[in-house]
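First subunit A sits with subunit B, and in the next complex the same chain sits with subunit C.
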Partner chain A sequence: MQYHLNFNFIWRYSEKLWSGLLLSIELALVSILIGCLIGFALAVAYNGGGRLTRWLVAAYVEFIRNVPLLLLVYLVFYGIPSAGGFAYGATESFVVTLSLYAGAHLVEVFRAGLDAVPKGVVDAGKAIGLTPWQRLAHVRFPVMLRIVLPALSNTFISLFKDTSLASVIAVPELTYGANWIKTNTFRAVEVWIVTAPMYLITGWAILAALRGLERALIPRRRA
Partner chain B sequence: MAEALVSIRNLKKSFGRTRVLDGVDIDVGKGEAVVLIGASGSGKTTLLRCVNALERYDDGSIRVDGVEVGFRGEGAERRPRGERELSAIRADIGMVFQLFNLFPHLNARENVMLGLQKVRGLTKAEARERADHWLAQVGLADRAENYPSELSGGQQQRVGIARAVAMEPKLLLLDEITSALDPELVGEVLAVVRRLAADGMTMIVVTHEMIFARDVGTRVVFMDGGVKVEEGAPRDLLVNPRSERLKAFLSRLEMH
Partner chain C sequence: MSGAFAFVVGTIPFLWQGLLMTLYVSAIVVVLSVVVGVVFGVLLAYGPWWARWPLRAYSDILRGTPLLVVIFTIYYLLPFAGLNLQPLPAVLLALVMFKTAHVSEIARGAIQSIPQGQTDAAKAIGLTFFQRLAYVILPQSVRRFLPPWINSVTDAVKGSSLVSLVGIVDLMLAAQQVIGRTYEPLPIYLLAAAIYFVINYSLSTLSRRLEARYAYIRE
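Now for the complex of A and B:
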């Protein structure tokens, strides 16, 4: 039997996809923001901390990075409420999961970035009398940011795509919306043909935004 | 000698088991330019970095304007100073580095302004005015908006000097500031330093440029193996070295 592509059903339910995409972007943005805060704070703690701090940060990073994200999603959504006795919504649960996941990956990025800030430049900050916090805020952080920006694009796009896992706990993001249409119209091929470019184009937009930021932040090279 | 601004006594410092400074005494009077010479590994750069606490010293003392740099308290009460105290002490001691070490994310003017605003507490307008004044002094009035990556080595180093002196330090430390420069760019940097010396800036200078040592130095200290071997007036010491070690060092330089 021949299969005839028919997109009519998709258009009828396209609202599911748009609202799903919007939620996917929101989930990614919030999680990336929280993840950056966790990642940077822990990177600073790791680079300046004692043995216990280093061990704790390393344990967090290793745990998160060696457990499948899907399992973490389940663990936080089903496991923590049943163990701790408090419940929260699927969306909040997923934001917590993805933030912790993002944080673990970003610790590594920021730590490598802080290490790559030339020691001489930090010495120059000391020499003009900047306090440790001032050196962090005005020298180490901005220099690090320019070093890690290219690596951040990859991480951010991965995290955006990882929002699709929220569909397994019924967070109505893009993949969930697509699944819903598929189940209600039996038009699986058409749904995925439409959904995949939505991820692709948004990924490109994230990349373009970061490239623009890079160009704005990193001064021109001397010819 | 004039009233001593810097007095270094029995300074000792080891990296692991390697003793880099093995009991050094040096005094620097107000307005003096003391030049440290010696082979690589003689301890001169380490000594310089101890003076503004970029390195900690193990024993002995360094006093700048009467204040012990690395420690607080006396005798049994003596404790290493914390980072906050060190920051305050460093603010009054300028340093210029071999590899310039400009802040790569800031343009020339902002490089000079950062310390003025954050450490000296100047307003943005005041800091900008003072930064532009010093950039003009080092001949870079037209480069204020350029980033370090857009400047030649000589220009970067002059920004480095402006950044240090704009803080109006009591003491300026120069760490082989021309070693990383192409030969044709050395002159422009040394001219700036010569003018600062003439204006009475107190300096400790580590250099391999003997001509510079002779021109700018009020006194030359020759170090070898972590100790001071000889010191004296530049014209005397560099022309009539007494110790064999200094003779050997100077003859090695002449061969280049």
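Now for the complex of A and C:
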């Protein structure tokens, strides 16, 4: 049996893919933003907190990191509303899930980064009379940011890829768009041949942008 | 409360078959990907350009695409390439290909982290390439390979949950089937999460132990 590739249907419905890609990027951006806030706040709490705080943060991180994201997506979208007797949209639900997931991964990154800030720099901040909050905002945070940027880039790229799981709860992102075209035109081979490179190229573009940011923020070290 | 607890415990036998499938898929993926991945890693580190370039492309493309998209692409591309596989072998192939790309990078990194002086010293005492690899480079790389590799094993267990999306009854799909019967999503999902957690937490604890044991400062 000979199968003839036919991309006409893909072009006809390419709007589904473009709007899907756009939504994927939006989902990633919003979740990364919220995830960074969660991650940084919890990293600061962990490094400065007591035993209970540390235990709670560790429990959150370990639970999220050791359970498949797919299960977390279902748990938040189907599980929690069923017990609470309320409902929310699939997109909101996925953003909450991916943000919590991002937060758990970013706590680790930020914690390592805060630990790596040289003590002398923080002491210098103390010496010129900065309050603890000022030291955090003007000394520890900017120094940490430069240390963690390379690790952040990797986490951001994988979070972008993870948005593909939103398709299982019918959020109309790129993978959902691809599945829609597949179901409606039966052109499965063609649609995946087009969709996979869309993820790949977007991922590379994000990486290139982050590498540019690294170069701009991290001064070249002179030997 | 005890009623809810009894209910959840009562569903365990239905999840058991699914758990076995999850472990089976994970084991196959882990074993095949480590064998192929280490060979790829050695080639990435020492191979001639005609071996390195395609492997670099392979690894970068697979690592840059979401696992779910890799699964669907390979799943639908296989018949087109003249291979008519059952769903399970097809999805296993996709998972192994994806994991191999990651393992080959871990292996390459571990190999390249061994200081050049080791290779030079091995050359100086007259070892051939394969002797250098077998007696000098690989034994030392294993220490650097193990901790990140065990972390990647937890990723394989988590990634195996995606086979549920092509209709293979693993722990994930078994949980959903039980939910379909009982209409009790929260307790069942939490139970499934607890099972995944126990498997992966044990693995990551093992990884941390190995890291603490093998961590050493040199140079």
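Basically, the second predicted complex is superposed on the first by the 222 of 223 C-alpha atoms of A that agree within 3 Å, B and C clash if a C-alpha of one lies under 4 Å from a C-alpha of the other, contacts with A are read in each partner's own complex, and residues count from 1 in each chain.
Basically, contacts are C-beta pairs under 8 Å (C-beta built on N, C-alpha and C of every residue); 3 or more make two chains touch, one makes a residue touch a chain.
Values in this document were obtained by computation on a predicted structure and should not be read as measured data.
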Combined model on subunit A where subunit B meets subunit C, clash or fit: fit
After superposition on the shared chain, which partner residues are touched by A:Val67: those of subunit B (first), subunit C (second), both, or neither? second
Determine, for the superposed model, which of the two partners subunit B and subunit C contacts more residues of subunit A. C
What is the contact status of A:Asp123 with respect to subunit B (first) and subunit C (second): first, second, both, or neither? first
Looking at the overlay, does A:Pro132 come into contact with subunit B only (first), subunit C only (second), both, or neither? first
Subunit B to subunit C: minimum CA distance in the overlay, Å? 22
Residue by residue on subunit A, keep only those touching subunit B in one complex and subunit C in the other, then list them. none
Footprint of subunit B on subunit A - complex, ascending: 118, 120-121, 123-132, 134, 138-139, 142-143, 146, 217, 219-222
Mind listing the subunit C positions that touch subunit A in their complex? 61, 64-70, 72-73, 76-77, 79-80, 154, 157-159, 161-162, 164-165, 172, 175-176, 179, 183-186, 189-190, 192-193, 196-197, 200-201, 204
Can you list the residues on subunit B that touch subunit A in the complex? 52-54, 83-84, 86-88, 90-95, 97, 99, 101-105, 107, 114-115, 118-119, 147-152, 160, 163-164, 167
Which residues of subunit A touch subunit C in their complex? 3, 62-63, 65-72, 74-75, 78-80, 82-83, 157, 161-165, 167-168, 175, 178-179, 182, 188-189, 192-193, 195-196, 199-200, 203-204
